[in-house]
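Order of writing sets the labels: A, B, C and D. Residues in every chain begin at 1.
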């Protein structure tokens, strides 16, 4: 619980800036930042066979990983700066229905952005944006001291 | 994770119907259903001294209780019927900033409504609807067999 | 995620010291600290009619409130000092079976105690210590700056 | 919340039986079942470069994946049978300190095992068993209908 919040949000970095940082410091995650906007971030990754479970469903940890990435990008949107050392403090996820498709998406929206912690909610789905969510999550990123 | 979801939602019960059930079966919770709509529920309770902590802040468990109630009402909205024996299966809450005010509010929105489980996200705040959230939560209600 | 942890734990305060602080600063919660030990805290409250739901079951928010209190006491055990302004940052709870009995218990054990955050796991049950848990929880307390 | 629990647990399958099922149905996860016992499961995976973040720390999603696997194995221990289609319903994780080492471990213990749901708590750490946890988690597996 924090009282130190900036009242006006600075403009978010661009998705290209985020992806350039990831390519440099965190190569190989497979997650891509698609869009950052005021109070949200959109992430995606192509589905490949290594992440499929019997029946052709995208595995839970793959969905978790993209949800976590979307929250991380959302921190950059909420604070107006790319902060690679922001780290997941806690994250809870609920799986809602089987995930089938060729592209996995996650959209994170800011609930609060304080000096120490940034909190948000994430929806995960497959393929088209009007598809029902396959998972929802909520979690906290801790800002470096 | 469930595949058995109704594609078209039935109309939600009214808030008055929900409050009549609560008065009969669960008197004394202090939580009131204000509005049910397609995919959401709004709940509130007046703040009194018994729920205040030093500094005049609404206690965490009070906020949890209202968030839990809003999710319960949301189950009625999602399924189109008042199901008193739907029970919280799990709920996670994050406290965002001090809660001060005379009325506590919670709004729950549906993430998925299956035969066995209903999942949603909740925002809690004080007084005016444009106030920043004091807590966010996400959780699951289990439907009776 | 924190690296600043004290390697040796100071001795915990006594339950009597904790209850004296509660009586002074947080009267009326109904929760009592029964025991503090190295890395754990035990809390209880008598069950009364106001916390019962149809069928005679202890309500979920009552169990949440005691779990939250046990975590708070556990912070005092983990840090060796009574810190009234430690606050719940996030807490997730799972309800396991109906809670019936005359006394509700919660035992919290420390997972980590850092400078900024203290994390623990809680078990909640009714009456005798060998009864099966009615709820389990896990959560984080934030230390004041 | 369930009342239908078996009072006596059947003997758990062996770790070899679990790993044979995984090799057949879920190859390539990288997680191994080390031990199943009454009410618990132990899992591990070797750390390789693909799961390291700047500073040489094991990534959060890698830890989540192993915690999730340990819970899954624990379901087999709790129910006495290998049930490949048991699925994560929800899982919350807290990261406690940087994870560095050559082998990642996770130990899951049963909180309750019902007909519909199995709930447990997980500790994750690196290398030696007396090392402090790098993450703790708690979650629910849903049994197939």
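Criterion: a residue touches a chain if its C-beta (ideal position, glycine included) is under 8 Å from a C-beta of that chain, and two chains touch if they have at least 3 such contacts.
Remember, predicted model here, so these are calculated numbers, not experimental data.
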{"item": "Chains in simultaneous contact with subunit B and subunit C", "value": "A, D"}
{"item": "Comparison of A-D and B-D (more C-beta pairs in contact)", "value": "A-D"}
{"item": "Centroid comparison with subunit A (C-alpha atoms), farthest chain", "value": "C"}
{"item": "Subunit A-subunit D separation of Cα centroids, rounded to whole Å", "value": "24"}
{"item": "Subunit B-subunit D separation of Cα centroids, rounded to whole Å", "value": "32"}
{"item": "Overlap residues in subunit B, where contacts from two or more other chains coincide", "value": "1, 87-90, 92, 94-95, 140"}
{"item": "Partner subunit B, residues of subunit D touching it in the complex", "value": "1, 87, 89-90, 92, 116-117, 140, 142"}
{"item": "In the complex with subunit A, residue positions of subunit B that touch it", "value": "1-3, 5, 92, 94-98, 111-112, 114, 119, 121, 123, 132-133, 136-138, 140"}
{"item": "Residue ranges of subunit A in contact with subunit D within the complex", "value": "25-26, 28, 50, 53-54, 60-61, 64-65, 68, 84, 87-95"}
